[in-house]
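Labels for the chains are A, B, C and D, by order of writing; each one numbers its residues from 1.
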């Protein structure tokens, strides 16, 4: 039926091209839109993923728009009804995609700066999109630093890729875990422990922070103490983005719909939103 | 076959947990029991200290199948205790609810629980494969009964709109009118059911039995009346304790009941035998068509009597709706003032006569309660029938014997969880 | 647009004349209250009604709103659902017209909501002025909703023997051409003006200050202890948002058909006052405190929308206060915040 | 996909089991997807091989505990069905009487031959995957749970108070009729069936996860209920819930 209305709630069909277990809780998916078009996203944006008959969940896009693949990549934790169903789907299944939605990292503002990526846990998933964007446009950015904290060594995501980043010119990578096992020789402790070991030039640095809410406060404090300008700190906020188009109300903090104005916010904005942190 | 030991644990297609136990030695029946192994539930205790407003709400939970009749008996007991005579409108609505419950309960029993035996399949599930039209018809009729209950009482299992001396809210006239249309339309399904019943082979077994039921005056009695026995005596519901006696028979958690003989039967066949003259003419015609005539002493014919009653209730419900719509329903003020004393409510449940008996304090709180459930009354009679039928079966295989006994138990439509809780309570009758 | 009039005796024929072509929805009595329902005849309509239990938004944003169906065969194929039923909402009071008018803006703004807009474009709104305050806790005058400013096609004001009819849209003009309506003469205009004057003086102010100050007052009260105090009176039941003419938050769910593998995605009314409204799949609840939820609702009503659309997301109908078992009343809160 | 299911009744009126057959409109479709292989009330089969077990009834006897545990071992998914299974239900009322007297009152001098123990919900002994609330369960919700499980999603069962859907139904609040109501603390999902018929909610669906009890008591007190009347309301269907926290 041709209709003069087009519903933003009806997803585009997409194929789960590959699905592979990343950790005990996370699975990695390559997704391709059925009509062959590119997703056209910016690092830091998210999509609404539908498993038909189960529901829909907001998922950060993990691949960079610069990546050579035909589709895009998602890394999903089995945490709810939809994500669980997604984990169960075989390769080749059809899913629904809406989006990309929201505002990602401000690429124009970041250009020319040193970038300090601070990722906690699943925060590396959207951060990976931005990191690979920076790696693929290496000349556009100065020094790159990734500080990545995880619960245990087994929870570390994208280990191969982290090694590749380490080998990228002028890219410093440091990781830490909350709970070490016998084989772990790296840092143990909260992510703020890594700040002591990094050499950054605060006046040239933009800091991008993605992680669980508890992490933000300590990381912010460390960043500001290091001398990073407040205006150059960007946070990605997790909220219940149900509709993705600024209507359903679930992701609203104060007067801001995170799905519209976020999930990436400059700290200077977040500071004025008491409900943000 | 000289010796036989049968134990059927948890007879299927009945409500609640019951075991059939048979012991035959040298061709002599030494034991033939239906043990009720349902958990005891102590309703009489649960009621103590609860208020008159909650009594029917609590006792409805005795049974999920005949919750409407339990609620009705409970409300009548409370009204009896408080000296309340409910309005004609209330009585009509309650009768309509009973019709709905009978339709749903009898259809469930006849089609879902008994018909599989008569058609030689294990349950309604394979029946859906072999006799899909029969199943569809059954579902239509059952839904009609359910919807009637929902319309008047809010829902069928544990109705919400029934209260002492009235209803909390009245059904919409438009809903009643459309229910009436469906009742009339149901005649076709019932006619088809009658044709089906004519083809069924119902086991031939008779045992002369005493039948107890309400006694009708100008209407086939489901809602009220005196009690009557086919042996020719009558008694007032309030005096039931003088006429029937409950005894505990371990290990059964349900008690046995007897009147003047060792056992009696209640339920569809008892009502038919005692009141067949008061059935709707369509129901009478069905009885003739399927060969049911009073007095009938074959317990397997209970299911035929249920079909006859279903036809009666469909017609009665339509007539009741006509009366309700004809007179116009009005919101009535239901004034209730608790007084100390005892009240008895007797109603015919689909499975037989149901007694609720409460004693109230002046504050409207229950101080004593007794409920006698149809299945409890039938238990002794079921066992007597088992003893009666066994000698004729001993030539068959053990499996055949067990199957016939299961069919016999099922024919009674026992409601076992219902039956598990009661004993005579000593009332202070001053 | 212009002012017209219709004689009272002609209204019945006008409304009954709409019924074959439109689903006509109007206030009807439900015991001692009122509700908007589909009516079969003008006779069913309660012209002299006090505010309905639910506002008429339920016909534009139904409690269950199917977004699309999914058939897994050969695809799957997704079919969006749009409700194009031609509908007339008749007898809508000014406060509720304001509510719809605000929803019109909210749901058209940004990524517009076609499911709402489709219903809305097929819906005609014929308002009807109330004559006096419907309830002690109604504060429509304070919220500036005593008379409609938009969001209606026709709006009727009782002048005794006839109604003055404000025509709000072209569709309203077309409706008025169906007969019975005539251009307002000088006399009608005079009476209409007098009626308005009378209405204004008949409604008391119930907020102790000019509500223009409300956004600032709310901003300054962000950390007020009043929110904690209100906690003691809140159940998290969401009755207040359910009955609100301007609340539109929703949840999105899938429902499966058991016979086939088809499914339907639908939305249903949700409430920011429910405990899990802001909880995410991982378990974090970003507005887990009851006082924060209460504050969020009040700020939405009195600040956020005012700043964005120039109008309050509270029309002063008082429904939330009346439906709250422990009497949390927006008007009282607004008054208390000023302190 | 089809699944094998069992319906098992413990101490109950079996009304919830019956509800599974009362979805007349959908029953044939359900039977096409759900193969009932053990359902004493409806069929002869008594298979021990099933994926989903629906448990009707509370646990009131020692041997029921063993049976329940066996069912739990066999079933991939266990659904507690109805107030008795979920929260002990109405039967918990007997716990407010002295146990010995209770048996004696009903079974007289034969009381010793019947065992009974305190009424407990199913979750006291085994892990419950999903709950169907209410006395009896709601048929639409039964269909919802079945279809959700078949589709691999979590059933949509509300965790907000009855008041919410009561307002949606445009009911006149029963408090305005002068009745008492458990709606403000009781889990929705019944469509506010009792208030819709002008009856105060008795709380048969159990309480929401975090009920506003103080607020509710304040409302009941304000409407003139005595402490005893409030307690009686709370005991009706939520006795066990209370005993796990503070005995209401």
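Simple rule for what comes next: a contact is a pair of C-beta atoms (placed from the backbone, for glycine too) under 8 Å apart; a residue touches a chain by one contact, two chains touch by 3 or more.
Source: prediction; values computed, not measured.
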- Message: Show me the overlap between the contact partners of chain B and those of chain D.
- Response: none
- Item | Chain with minimal offset from the mean of all protein Cα atoms | D
- Counting contact pairs per chain pair, which pair wins? B-D
- Reference chain C; chain at largest CA-centroid distance: B
- Message: Using mean CA coordinates as chain centres, what's the gap between chain A and chain C in Å?
- Response: 39
- Note on the structure: Note: chain D sits from chain A at a C-alpha centroid distance in Å of 43
- Query: So how far apart, in whole Å, are chain B and chain C when each is placed at the average of its C-alpha atoms?
  - Reply: 51
- Item | Centre-to-centre distance between chain B and chain A (centres being mean Cα positions), rounded to whole Å | 65
- Sites on chain C at which at least two other chains make contact: 253-254, 256, 263
- Specify, in ascending order, the residues of chain A that touch 2 or more different other chains. 53-55, 80, 82
- Note on the structure: Note: chain D residues in touch with at least two other chains are 151, 153
- Query: Among the chains present, which pairs are found to touch?
  - Reply: A-C, A-D, B-D, C-D
- Message: Which stretch or stretches of chain D touch chain A in the complex?
- Response: 151-154
- Item | Complex contacts: residues of chain C adjacent to chain D | 30-33, 35, 52-54, 63, 232-239, 242-243, 253-259, 263, 269, 271, 274-276, 323, 325-326
- Message: Which stretch or stretches of chain A touch chain D in the complex?
- Response: 51, 53-55, 80-82, 84-85, 88
- Message: Please output the residues of chain B touching chain D within their complex, sorted ascending.
- Response: 10, 12-17, 38-42, 44-46, 48-51, 54, 57-58, 61-65, 67, 108, 112-113, 116, 122-125, 128, 132, 135-136, 139-140, 142-143, 146, 154-158, 160-161, 163, 168-169, 248, 250-251, 253, 417-418, 421-423, 425
- Item | Residue ranges of chain D in contact with chain C within the complex | 26, 29-30, 32-33, 143-144, 146-148, 150-151, 153, 156, 159-161, 163-164, 167-168, 170, 172-173, 175, 183-185, 208-210, 212, 214-216, 218-219
